[in-house]
């Protein structure tokens, strides 16, 4: 069985493991106050073109989301996101557990639109309702789509004019930035958001997200919030080392490109077989729609999840590639698909 | 200016004020441990036919909702309600501030349906999502509609089979129970829910809601939760006295009937003028749709709120009657409306 | 049985009930947006000499404390108070339920000292510990003592220099301000704190506390927090009317003076009988120490609570007088005491 | 500079890194549902003699504490611990951030006593106060002391009789269990507590704590709480692998023994030099009291923290050894100390 179930089924890129092993017996100070974290922060600041940004390393995405949103909002404030947003659906109410309402808007193609934001503001007008104060988006999105530069600029300038923080969840940012249709740079992301993160977990690290805070209002005392939520990793240098490696010799982008290339092989092969997709993804998540009997055959050799069952005997499945996906596995998937479709 | 803006624009029925004044210098023990509260609890238990129920008196509705839901749910559990539900829209995220997600479902005519509940359960299947554990409904609803006995039974039995608590917000329960189309008794309400409340604030009291807990799982230590959220009124007997009066000589139902009668006068007059309604309410909230120029004229003499502006030059307004509404004010409203419509 | 159990055993001063009754059928807008609240706010601003202050009316003290502290602090911040502080002991963890640690310090005579504050700061130095950000004191205190002007100035200037908010719980402020040894004015209180409140519940109102926010940092969006915690009373004018009356013709101070006078009668009589006190109170709470057999006899005719049982067969009890305490009851208490002591 | 600052200054025991590297490209299912976690759970159940226990792997200790306590308590319930307890002092209010008060008791030698628990219960008697429901202890404690079997049995049976959960923080459990004066087995720990954890971070793992839930009341839906607080590690098998190694061939105990041996070398040498200790630790944390000028000299070659400055020109410092501590470093420390003391 080969798994296309997600992009965190394997460990880390060998360079990362080697770096951890090489430095294993060095003594470091704890909680991210070590030299590796310092260097990784500098590398990231250079990469994103923001010498003034604060950079924090956090083990996982849900933790990063709840800490960032929980630290930014006053008790009565809310965060706007698209209905499929990770914080709205797949984090067991982590944001509500910090006391804040998630205002879920319909969006388009998995992306939040300026109209969504305006509508949320128009419906929350007085103290009997929550006060929208932050916008949360993911790039790439939960269904593999991605924001264009124009789209992100429109959201960013709306947030600025409405005094809303813009927070971009970059768990799969690498895949978005290396997609063939991307026109955003990581510097654009940093310039257009108040806070965002570069996901490591799904990009070749063992674990870890690099949170980048550009807005000075969000910086003070952030490590207090991290510690309170159990997110100051004792051996914090493990996070620093991983991001040092990812931002040395372009590794972060190369690994994301590999994931996209593998997805592209699958995508083209699926189109060749005559199938269509649930979403227009050119990143590392694909949502092809297959007949249920084809899915049953594929499930004998591959692991993947069902995105949506349809009444017509078809279902959309979710295939995810990663930095570790093997080309031969993609080819094998397509050959089985081709046989099913004969 | 006469106000149809809500059903809490005046003080209390005179009998209530008289009772408070008459007993003013009696010494009572605090926090609801007094004789008035004890008697009021007994009267309510008799009225609802549940000698085993716990009865607590709380100053307001938002407090009652957040305490009841916050006490019932474990941190990862969520409450299902209709999208317009008071807890979803008009309580400034009070439920989320206790840490719990509100799962808003579309509903029909302002009411939650068994299908809504099933859909919510179907979409929350594992530990990456919140766990639905309670259903919250209001009777009458935010748009003046009301549950039939069959509808409430269907929801109740579904909740029972799915191990969900059923919580009924009765801020306007009197108006629902005395509506001409109602086929529910207060005993039915008590029998079909795990916890519900009888609203006093909108029913002739100065303030106060009587919360009735039937499900033994929800009873232990409830007063701890009340105190923690600032809801043990020091001079708790003020609540007891008010409910003693409301449940003496049918006052609670008579006052609700009056509110419904006044609404019925308005409703018939509005229909006579040829207008239609945003919702099929036969309770004390009406949502007629008028041309905007008619609304402007009415606003010169009456206070009310706009429910929904439409693109076609019409708007739905909200008219609310109460135990204190004067018939001459209703007649005057209709005469102005008639003039506008000539 | 006559109760010295607390200062909220009776209803309201008759003038207050009369005002509520007189205006009962007037229509008012809800949630504190009415004319009575507006006038009461103006009267209070004038009284405290702060035209710039925000004034909010809240039903009870626990609610006022949790809303004020919860709105002021960031998630990782804590409030310093004396160990016996109401928020530390008698509010069922209401502050912790908003997510904040209460840092309890030993104090002296029931009062927090600058040394307590400095010690709390010295022990909280980095992000592994909570960040003290607010100081909470009560005047009069839980054991009836009160702050001198010099003491309050010392705390206030320390808070200013350490960037801490100073919050004064004035549930029994009237009793402190009318005590024979008091040298503080209400204007001093307003000038020396960031936020404080004037208690109505224990001072002749049916219920209600007037919260006064002087520090502009604490003002924005405060009504959102009130609504979220269920503290925007629907018929908010009931609070406004009560404070209008309390601040007309000196009623607030006269009622507090009466309570203090009754306590003074008790205090002198107890001293005459040769007993001593647990605390040096000259306000409306007294803590005499009696032999247990004397207490047993007193308990046959009076209600009061035991503050502290001692191993030597004596206990400190708590006697509380109020605006409604009858002089004959005090005299009767003393005559029984005298008989016990013969 | 050599660090005795803590027991998490180095990476992981080489066997652990080798296991992670060896399996790096294996595909695993996420979030702890993989085979490594399954095997590690079984090994731990066997080790502790509780086939019925639930075992969860969590990245860090603060997270483990807040999730366990937050999941166990109802909103108004509190946890009792000793004043120096990690949750009371060093977790930035993490427990309060879940809404629960920490009741800090004086303890003796850093350990909670049955008297502390009884006192906490005696002072919390009604709904105006929090309800103690859990006892939290650490073994070894924050000052290196440890519970004897008799002490743990006394606490355990008191908790049972008072209906309190007993939770043991085992961040440094290995050091306690391999201390020369220890008379507890890990089976005893499992039998006498409702929930406890075996710390990996300070015991040779890169990170990770194994939480063991014996009490069936605490088991249901625990993974929901983990996910909500961001504690379901995506690549969860990394935790499983580490505990598989730790519980293979006695590694966990051997590493803890090494840490204790190194501490014993330091302890004996310090005694030989004529110094005394702040606490009677026979585990891997030592708190010798040195003259400040000696400390200054030691600080030139070693990193450690100051536990307590004294007025007499002496301070207690904190020396921590670990699985990775080198004997030559201990010898060198002692030789410098000896020179200082000449």
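Letters are used for the chains, namely A, B, C and D, taken in the order the chains are written, and counting of residues starts over at 1 for each.
Please note the rule applied: contacts are C-beta pairs under 8 Å (C-beta built on N, C-alpha and C of every residue); 3 or more make two chains touch, one makes a residue touch a chain.
A quick map from chain label to UniProt name: A, B, C, D = L-threonine aldolase.
Worth saying up front: this structure is predicted, and the values here are computed from it rather than measured.
K.L.:
Hey, which chain ends up farthest from chain C, C-alpha centres compared?
P.N.:
Ranked by distance of C-alpha centres from chain C, the top chain is A.
K.L.:
Count the touching C-beta pairs: is A-D or B-D ahead?
P.N.:
Taking the two pairs in turn, the one with more contacts turns out to be A-D.
K.L.:
I'd like the Å distance between the centres of chain C and chain D, where a centre is the mean of that chain's Cα atoms.
P.N.:
Once rounded, the distance between the two centres reads 42 Å.
K.L.:
Between chain A and chain D, what is the gap in Å from one C-alpha centre to the other?
P.N.:
34
K.L.:
Calculate how many whole Å lie between the centre of chain B and the centre of chain D, each centre taken as the average of the chain's C-alpha atoms.
P.N.:
The answer is 51 Å.
K.L.:
Residues touching two or more other chains, restricted to chain D: which are they?
P.N.:
75-76, 91-93, 97-99, 127-128, 130, 224, 227-228, 232
K.L.:
Could you classify the connectivity of these chains, where an edge means two chains touch, as line, ring, star, complete or other?
P.N.:
complete
K.L.:
Which residues of chain A touch chain B in their complex?
P.N.:
Chain A residues touching chain B: 75-76, 78, 89-93, 96-102, 127-130.
K.L.:
Chain A touches which residues of chain D in the complex?
P.N.:
Residue list for chain D touching chain A: 2-3, 5-6, 8-12, 14, 17, 20-21, 23-30, 59-67, 91-94, 97, 201-202, 206-207, 224, 227-235, 238, 303, 324.
K.L.:
What residues of chain D sit close enough to touch chain B in their complex?
P.N.:
70-71, 74-76, 98-99, 127-128, 130-131, 221, 223-228, 232
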